[in-house]
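Working notes, structure below.
Naming follows writing order (A, B, C and D), and every chain is counted from residue 1.
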Amino acid sequence: MFDALSELFGSPIIAAFVSAIVPLVFIVPFVIIAVYMERKVAGHMQDRLGPMRVGYHGILQTVADFFKLLQKEDITASSIDKRFFNVAPFLVFAGSYAVYAALPFTSSMLGSKIDIGLFFIVAASGLVVAGILMAGWSSNNKYSLYGALRSAAQIVSYEIPTIIVILSVVMFTRTLSLAEMSEMQTAYFWNWNIFGGAEWNLTKLLITPFMMIAFLIFYISSLAEVNRTPFDMPEAESELVAGYHTEYSGIKFSMFFLAEYANMFAVSAIAVAIFLGGYQSPFGYVGNLIGAEWLVQVEQLFWFISKGMFFVFVQMWLRWTLPRVRVDQLMTICWKYLIPYSFVNLIIIGIITLI
Amino acid sequence: MKTEELILNMGPQHPSTHGVLRLELELEGEVVNKVTPHIGYLHRCFEKHAEAMTYPQVIPYTDRMDYLASMYNNFGYVIGVEKLLGIEVPERVQYIRVIMGELQRIASHLVALGTYGLDIGAFTPFLYLFRDREKILTLFEITCGARLLYNYMWVGGLSHDLHPDFVRLTREFIKYYRPNITELNNLLTFNKIFVERTANIGVLPAETAINYGISGPNLRASGVKFDLRRNDPYSIYDRFDFEIPVGEGMMGTVGDCWDRYYVRVLELEQSLRIIEQALDQLPEGDVQSAIPKRIKPPVGSVYTRVENPKGELGYFIISDGSVNPFRVKVRAPSFVNLSIINELSRGHLVADIVAILGSIDIVLGEIDR
Amino acid sequence: MRQYFINTWEGIWTVLVGMRITFGHLFTPAVTIQYPDVKVPLPERVRNRLYVNIDDCIGCDQCSRACPVNCIEIETVKSLPTEDLGTTSNGKKKALWVTKFDIDIAKCCYCQLCVFPCPTDCIYMTDVYEFSEYDRNDLIYNFSTLKPEESAEKKANFEKLRLEKEAQKLAAAKAKEEADAKKAAEIKKEDSSKTE
Amino acid sequence: MKKAQEIFDILKSEFDDAIISISTETPTEPMISVDPLKICGVSLFLRNNTELQFDSLMNLSGVDDANGEKGKVESDLDLITGGTLSVYYHLHSTKINHKITLRVSAPRENPEVESVESIWKTANWHEREAYDMYGIKFLNHPDLRRILMPYDWDAGYPLRKDYKSPEYYHGMKIPY
C-alpha cells in the first residue's frame, strides 16, 4: 500500500503519513461498533436488551459515550507522577496500534510488507507492558500497582506459548511475513493452515489435528495477552476495582479503552491470518468469476474483517460466560499447561513437516 | 533491603465488600497476613429505636436489617413476641409463614449465589438468578404489596391473607424454577475455573465453626448437620419432610468455599420441597383472628431463634410490662459469621479474600443493624 | 499425570458447556422492559404513595400514632356546636376541623401501619410510585383543604368559644362561690342567731 | 438433655458462692445468675463438662437494668445512678441439645465482667458490642474496642437508658 501511495502522492513522507492514518480510520469505527456489540451481546446473553435509548436499538450509544468521555474533566490526583501518568495511556495505545502496521487487510492493503511481520507484531505488542506498568506505578494507588504488576507478569508469561505456537506455524509455512502466509492459504477453506495448508498429501492429514491444538493454544494465550476474561487479572473488577486504570478518567481513560478494543481485533486478526486463511475467501471469489479485479479486494477486506469480528465475538462470548481465574492459577495455566502442550505440539509439527 | 507489610484498605467503597464494609488487609506481596474488619458504617440504631417503639411498630424496622430476607426477620420477631404473650396462632397463618419464609430463603440464596459468581468474575449467572428472584418478589408483591420490605407478618397473624392467585402462581413458579437449578450448576457450579477458584479455599473445620458460633449454610458446609428447622423446630417445621444438605468436600476439603456455595444450591431444592408440601396442606381460615387488640406482654424475657437464610437469627426481647419493649437484642447471623473472616483468610491471596467474603454471604444491613 | 489430562479436559469441556448455555440465551427473549415507555401492571395491593381522602377524615390521630417514623402530623380544632361538618362516607359524624394533615413522604417507610387503624378508611396507599421532586420541601404533602386563614379562623372561633365557655364557667363558678358564700353567711347568721 | 434445675444443682455443687440464684418464672426462660467476676470459670466448666457440653454461645447481650435511682440532675436529663448493668449469655449444646441462660449483673458505676472470649470465640464481637453500647468492661478481652460506633466516640454509651446524644461530633451537627 505504501508503494502505491508514494506513487500517488509523489512523496514518500506524505505516503508514510497517510498509510499510518489508515488503521486509525479503521480502529475508531471498529471500537465504536465493538463496544456496541459487546453491550448487545452481553445484554442478550443475560436476557436483557442492552442499550436501547440512543438511536434505533441504541445504535448511537457508544458514539454518545465517546463524546461524553471527551467532555469529561481530566481528573489527576495530586500525588501522582505526572510525566508517566500522562504518557502511559498513549504508550499503551501506540503498542496496540503498531501491530496494525503489519496486518494484511487485503492482498494489497497493508501498512508495511515487512518480511518479519510476525516478529514485529510480537515485539511491538510488548510495548503495551511498559505502558501498563507506567500507568500502575505512576498512579500512586495500591490497587493500580497490583493491577500493573499482575499484568506485566501475565503478558510476559503468555508471550511464550504464543511465540512457540507461532514458531510451529512458521516452521510449517517457512515464512515470517503475514502477507505471504495469507497468500499461501488461497482459494478454498480446506487450504487454510488450520487444515494443513494448500498441498494435498499425507502431511496435511497428519498435521490438521495438531494445527487445531495450536490454534486453541494461540487463542487462549492471546486472550490473556489482551487481558480479557477469564484472564482479566489486571483489571479484575471485584478485587482490584479497575486495576491499572483506576485513577484515569476522560480522554486518557478512553485511550486505554481504545487500546483494549484495538488489541482485541489485532489478536483475532493475527489468529485469522496465520491459521484461517487471512483475507482469503473460504469459497473462492465472485470478483475472479466475473473478472473484476477491484471486487476481489473488496471481498478480501470483507472476509478479513468478518473473520476477525467473529473471533472478537467469541472473546465477548467467553467474557460473559466465564468466571475469572486467580493470579497464581493464571500462571499455572501458562507454565504448567499451555507451554508444555505447545512445546510438544511444536515438536510434533516439526517432525511431521520434516517427513 | 528493607521490606514491610503493605496495608491495603479494602472498602468501604469496594465492588465486592457487599455494602459498606472495610477490611484492613496486611499483605505480604499478595499473601494476606491479617484481616481486620471495620464495621458500623451502616449502623442505624435498630436496638435503640426498638426501645422507643411499640411492639408492632418494631416490625418495619426488622425488615431493614437483613433486607434480603425481610420476611424471615419478621418471622423471628413475631415468634418471639408471641412467645412472650403466650398466644397461639391459627394453622393457616403458620403455613403461610412457612411458605413465605421458604420463598424468602430461595430469594436470599439466589442473591448470595449470584453475587458470589460476580465476586469470582462471572457476571451472567448473577443476572439469571436475579431474573428468578424477581419472580419471587412478584409473588410477595401480590400478597402484601411490597417487593422488598414487607411488614407482612404481624404479632398473632398476617397483614393480608393470600391473594386468590397466589397458590397457582407459586406452583407455576416451582415448576418453572426447578430446571434453572441444573442450568446454574452447568453454567457456574461445576465450571472448572469456578471450582479452582473456590475449592480448598477458606477451609472452616467443624470445631472452629461451632466455637465461633457460625450458623446456617456456613456451618452445614463444614459437615455439621445442624439446622434449627430440624434441631430446634419452631412454627410448624416439624411437619415437613426435607433433607439437610451438608458439605461433603466434593471438589476439595469439607468446609471450603465451594462447599458453602454448593450447600446453598442444594437448599434451593429443599426449600422448593417444603413449599410444595405446605401448599398441599394449606388449610382455610382467618389470618387475623388471633391478633391481639393491644400488645402488652407481661414482664419477662425470651430468646427465640429461627433459621434465617444467613444462619441463626436470634431475638432477645425483654419486656417490662409496658407497650414498648425494654430491650431487643438481635443476634444477627451475618455479624457472627463475619467475625471468622480473619481466621479463614490468613495465608490466602487477595483474590481469595473476595471469594471467602462472598462465600460467607454477609449482609451489612444486618451486621451493623 | 492422569489428573493433569483430566484437568485439561475438564477445563475445556466445562467452558464449552457454559458457552452452550449462554449461546442459547442469546436467542431467548429478554425479560427486561423499556421502563418509562412500558410499565409493569401493578397488583391491587401495591403499597406506594400515601393518599388521604380528607373529606372522610375525622381527625382521630390514630394513623399518626401508628406510624413508626412519625411522618404524619395532624392538628385538629374542635368545631363549634353550631357548625355541621357532615358525615363521612361510612356514616361517622365529624366533629373536628383538621387544620393540618401533613405527610412527609420522604420519611415514609411504606409499612402500611397507618392504613389499618383508620376508622373511616380515608388514608390508603395508592399505586403511584413516580413522585420525585427537585425540592425536598415538595415532598411534604399537605392534605388539609382548609386555607391558612380559614384554619386561623377556626382556631380563633374555637378559642373564642373556649374563652366564652371558660368565662361562663368562671362566671358560673363565681356565681356558685358567691352563692356558697351567701349560703354560708346565712347559715352562719342563722347559727349565730340560734346561739343568741 | 438436662433441665435447668439440674444444671443449677451441678453448678452450685461445683462453684458454690459464684452461683447466685435461679429464676424459672414464665415467660422468662430459666436463668441462672452468676458472679460477674467468676463467669469465665463457670463457662469453662459448662463447656468442658461431659454432662453439659455447652459448646455454642448463641447470644451474648448487654442490658441496662435501669434499676438505679433516677434523678433530675440538669434541666431535662434523667440520669440514672446506682443499679446494675447485666450481661445475658444464651448457651446451647449442639451435642446434647439443651439450653440455658446465664445472667451476670455488675454495678453501673464500674461494670466489670470477665470475658468469655477464650471459651467461645463468638463472644469476641458480642462483648465488643456490649462494651460499645453499654460500657461494660470485659476483663481479659484481647481487643476491646468500639465496634459499631466510631472509634473516637466520646459521648458515652448509646444504649444506656440515660444516654443523651451529643449535638456535635467533630463539628458536624448530629440531629440532621
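By definition in this document, a residue touches a chain if its C-beta (ideal position, glycine included) is under 8 Å from a C-beta of that chain, and two chains touch if they have at least 3 such contacts.
The structure displayed is predicted, hence computed values, not measured ones.
When you check each chain against chain A and chain C, which touch both of them?
Chains in contact with chain A as well as chain C: B.
Where is the C-beta contact count highest, in terms of which two chains?
Among the chain pairs, B-D has the highest number of C-beta contacts.
Between chain B and chain D, what is the separation of their C-alpha centroids in Å?
About 26 Å separates the centre of chain B from that of chain D.
Centroid of chain A to centroid of chain B, CA atoms only: how many Å?
45
How big is the gap, in whole Å, between where the Cα atoms of chain A centre and where those of chain D centre?
Measuring from centre to centre gives 64 Å for this pair.
Distance-wise, how many Å sit between the C-alpha centres of chain B and chain C, to the nearest whole number?
Each chain's C-alpha centroid was found; their separation is 33 Å.
Residues touching two or more other chains, restricted to chain B: which are they?
In chain B, residues 124, 128, 131, 187-188, 191, 193 touch at least two other chains, as defined above.
Hunt down the residues of chain A that sit against at least two other chains at once, touch-wise.
Chain A, residues with two or more chain partners: 45-48, 320-322.
Mind pulling the chain C residues that touch 2 or more other chains?
7, 11, 15, 18, 21-22, 25, 31
In their complex, what parts of chain D are in touch with chain B?
The touching residues are 25-29, 31, 55-59, 61-64, 88, 90, 94, 97, 101, 120-122, 124-126, 133, 146-150, 158-159, 161.
Inside the complex, what are the residues of chain B that reach chain D?
So the residues of chain B in touch with chain D come to 39-40, 43, 45, 47-48, 51, 83-84, 86, 208, 210-213, 224, 226, 231-232, 297-298, 300-303, 305, 312, 314, 316, 318, 327, 329, 331, 335-336, 339-340, 368-369.
Any idea which chain C residues touch chain B in the complex?
Checking each residue of chain C against chain B gives 7, 10-11, 13-15, 17-18, 21-22, 25, 31, 42-43, 45-47, 66-68, 109-113, 116, 125.
Which part of chain B faces chain C closely enough to touch in the complex?
Against chain C, chain B makes touches at 53, 56-61, 63, 124, 128, 131, 134, 141-146, 149, 151, 159-160, 163, 183, 186-188, 190-193.
Can you tell me which positions in chain A touch chain B when the two form their complex?
Answer in residue numbers: 42, 45-48, 142-143, 146, 229-230, 232, 236-239, 241, 320-329.
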